[in-house]
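Got a structure for you, written out below as structure tokens; questions coming shortly.
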Amino acid sequence: MMSLKEVDLLSISLKQYVYKLKAYSALFYVLLLAQIIALFFSLNGISHMSSGNGELSVSVNTYSASLVIVFSFFWILFAAIQLTTKQYKKIENPLVTNSISGNLSNIGFLMTACVFGGFTSSLVGVLLRIIMYFTFDRSQIISDEFILAFSDLLLGISVTILYMVLISGMGYLTGVLTKVSMAFVIIIPAVIIGISKAYTEIFQSLIKFFTLESSLPLFALKVIITSILIFGVSILLSNRGEVSQ
Amino acid sequence: MSRVLSQLLLFLIGIAIVFMFKFKRPKFYRPLSWKLSVLATGLYLGVLIMLVPILYMLPAKDFIKTAEDKDQPIASSLNLMNNLYNQHFPTEGDLDKLKGIYKNSDQTFKLDSSKLSFNLQPGTENYHVLIERKDLDDGEIDVSTYVTAQYVGEVNFTKRILPPTISVENGMLSLRAPDRQTFEFKQLNVDFTMAQFNNQNSSIHEMSSHFANHIIFIRVPQSLEINRGVLGDRIQII
Amino acid sequence: MNVIQCRDVTKSYGQNKALDHLSFEIGENKITGLIGRNGAGKTTLLKMIAGYIKPTQGELQVFTRKPFNNLDVSAKTIFIDDNMTFPDSFRLTDILSEVAPFYAAWNSNLANALFNYFSFDPNQAHSNMSKGSKSTFNSIIGIASRCPLTIFDEPTTGMDSAVRKDFYKALLKDYLEHPRTILLSSHLLSELEEILEDILLIDNGSKCLHLPVMELRELAVGIRGNKQTLLTFVEGKELIYKEEFAKGSLYVVIKKELIEQEFKHVRQNGLEVLPISLDDLCVYLTGKTGGGIDDVFKRG
């Protein structure tokens, strides 16, 4: 007699999530590489200012680990798009799956990637400080933002994770839309460029909606709600199509 | 690195990352096992986390502390210079008390002549020479050099400025500015992700510089004859 | 109870109909061979049953549910073909251990034993395997998963004949111990017929016939002999196949039931009655032209 045991969506999604973590683990190498490259660029400083008069000259080199975070943002964007491609979708075929479990496990993977990316990219800032500490003349280092409060480090990590969640959502939706119709490959960039040129104010206020929010709880709320919406739409859209092989 | 160049670079790297994803690896390439990937990423994260306590264990005493309040010293030194310009001269006691004015040398010379003339060498255009007569004739000249507040951004590095070289020979006081000094500072901006919630501006700060003036305070014996020569406007007798 | 129920199913890609009003039922715990020429719609049908694609029209039910995008059906079904993709970061042994948690009845001992028997390199990457090894490896997954519905699409592609025989034996043995519904599509019916119970023959997206192998074997006979005699004999009867293999000699394939009473008559007239292999029969049944490839060379 065949088994009539119903399968549980969540437990299947969880199994797929574990499978995908292992399957896509090579993606993390790309992040490591991107972060290390960004760190090398950061060691050059992001700006150099000098001034002087007849008797002395002063130069200030400014350093920042922000580039590492920017690179990690790029990484999560392309990782999210990548997950929706045929090549990556195909590995679900030999497994027990349906569209929802596939999406849930993808989202689980992306969230893990965001947490990992958020931690590592913020912690590379710590590495940058330590490298500066040992390679530069310490009496030249301005302590001000060099000394990193632990609470600030935690803040940085959580904000980076939130941004990455948002970006991964946008990447995932973009990928799903291009699955619905290839026309979106052209439409999406066109719309983004169009809005940014023609409706500069709307576009900017859309960006400012996140980047100018200075209250962490509000920012978190904005990001979480937006991400849920984006991922929700992605699941709904991809639930209609056939798994192409 | 200029701003534009770094942005261009960023763009190129972004493209490079996309292409790393896009192109399929060659057939002979044997992909790394997931166990190795997990190990490598775990190690990476582990090392980074280990760095956090290390960072906090590093002594921070060598660093340049930034000024709590740079406005007051700057105002006070500007005020002083203004007074000098308007012929309101401070006494030495005043200079020691003023904020933003630092004494960086103190010397005493035996006088070998009854006259004193001056040799202000090129490079000392920022030096204001104040001469005060002492109440007695002890045959000694006391020279103190002062420097007013020197800032770049929030950093007060007035104390690092070398005093001029002063010598008294044959009734001639020579003032020679130190060699051109170069100061280098390294500052670190917090990540923009932290700056957004810390009321900090993560974009590159405009580091305004405020340059110092020097005051040479000379106390001479009461009866010394002083010859200011052509430099009368830069040497004031109180 | 029927595991697969297919009613009037059509699948079209634009103007092209891959499946055309196909209806059949497949019962529980049977090994069915899905036979058809290239492009007959075998893979389309199997993918549809596995839930990868949706029927355009008609109703398809697997385990009484529509299979498309259905988690319950997916849990009870496994679809094995040579397009199965596994992550590059998995070694062959990793694949066996990582796929296992998804299938409730997965038997690791069997999987490992088969894996060792076919002497695979545990550290090899799936994407670097040869076609035959890949098919063999995928088949191990198919057998070891012990899914209530196991679908093999051309499982023996690239396998050498020794491995093919081993595969059929392994499949049959495990099936006898753990009965389940198995669907196999293949070109090589001659090797397959030993293990098949039913045959579903499709042609151009429509069902040609769906019969137990035993019945199919008894379906038709070939008759060979003098052209004139034979033609008068079969006149008015429906021929499955007709071939003029030498001048004045004719070979026809005809349903047995049509000549049941006239067997004696056949022999008296000097005609030869020949058994016909299933393989040939299926080719004749789905043949597009009467005379086969020889006609091409006879013309002109």
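Things to note:
When the chains are written out, they are named A, B and C in that same order, and each has its own residue count from 1.
Keep in mind that, in the parts below, a contact is a pair of C-beta atoms (placed from the backbone, for glycine too) under 8 Å apart; a residue touches a chain by one contact, two chains touch by 3 or more.
Since we're looking at a predicted model, the values are computed, not measured.
Taking the definition of touch as given, a chain qualifies here only if it contacts chain B and chain C alike; those chains are A.
Taking each chain's centre as the mean of its CA atoms, C is the chain most distant from chain B. Averaging Cα coordinates per chain places chain B and chain C 86 Å apart. Averaging Cα coordinates per chain places chain A and chain C 48 Å apart.
Between the CA-based centres of chain A and chain B the separation comes to 40 Å, rounded to the whole angstrom.
Shared contact sites, meaning residues of chain A that touch two or more other chains, fall at 22-23, 25-26.
Touching two or more other chains at once are residues 87-90, 94 of chain C. Within chain B, contacts with two or more other chains are made by residues 31-32, 34, 37. Residue ranges of chain B in contact with chain A, taken from their complex: 1, 3, 6, 9-10, 13-14, 17-18, 20-21, 31-32, 34, 37-38, 40-41, 44-45, 48-49, 51-52, 54-56, 58, 60, 62-66, 123, 125-126, 152-155, 157, 161, 177-178, 180-194, 196-200, 202, 204-205, 207, 209, 211. Taken in their complex, chain B has these residues touching chain C: 25, 27, 30-34, 37. The touching residues of chain A, when paired with chain C in their complex, are 2-3, 5-7, 9, 12, 15, 19, 22-26, 90-91, 93-101, 239, 242-243, 245. Looking at the complex, you find that chain A touches chain B at residues 22-23, 25-26, 28-30, 32, 34, 37-38, 41, 44-49, 51, 53-67, 69-71, 74-75, 78-79, 82, 116, 119-120, 122-130, 132-133, 136-148, 150, 152-153, 155-156, 159-160, 163, 211-216, 219. By the touch criterion stated above, chain C contacts chain B in their complex at residues 87-91, 94, 125, 128.
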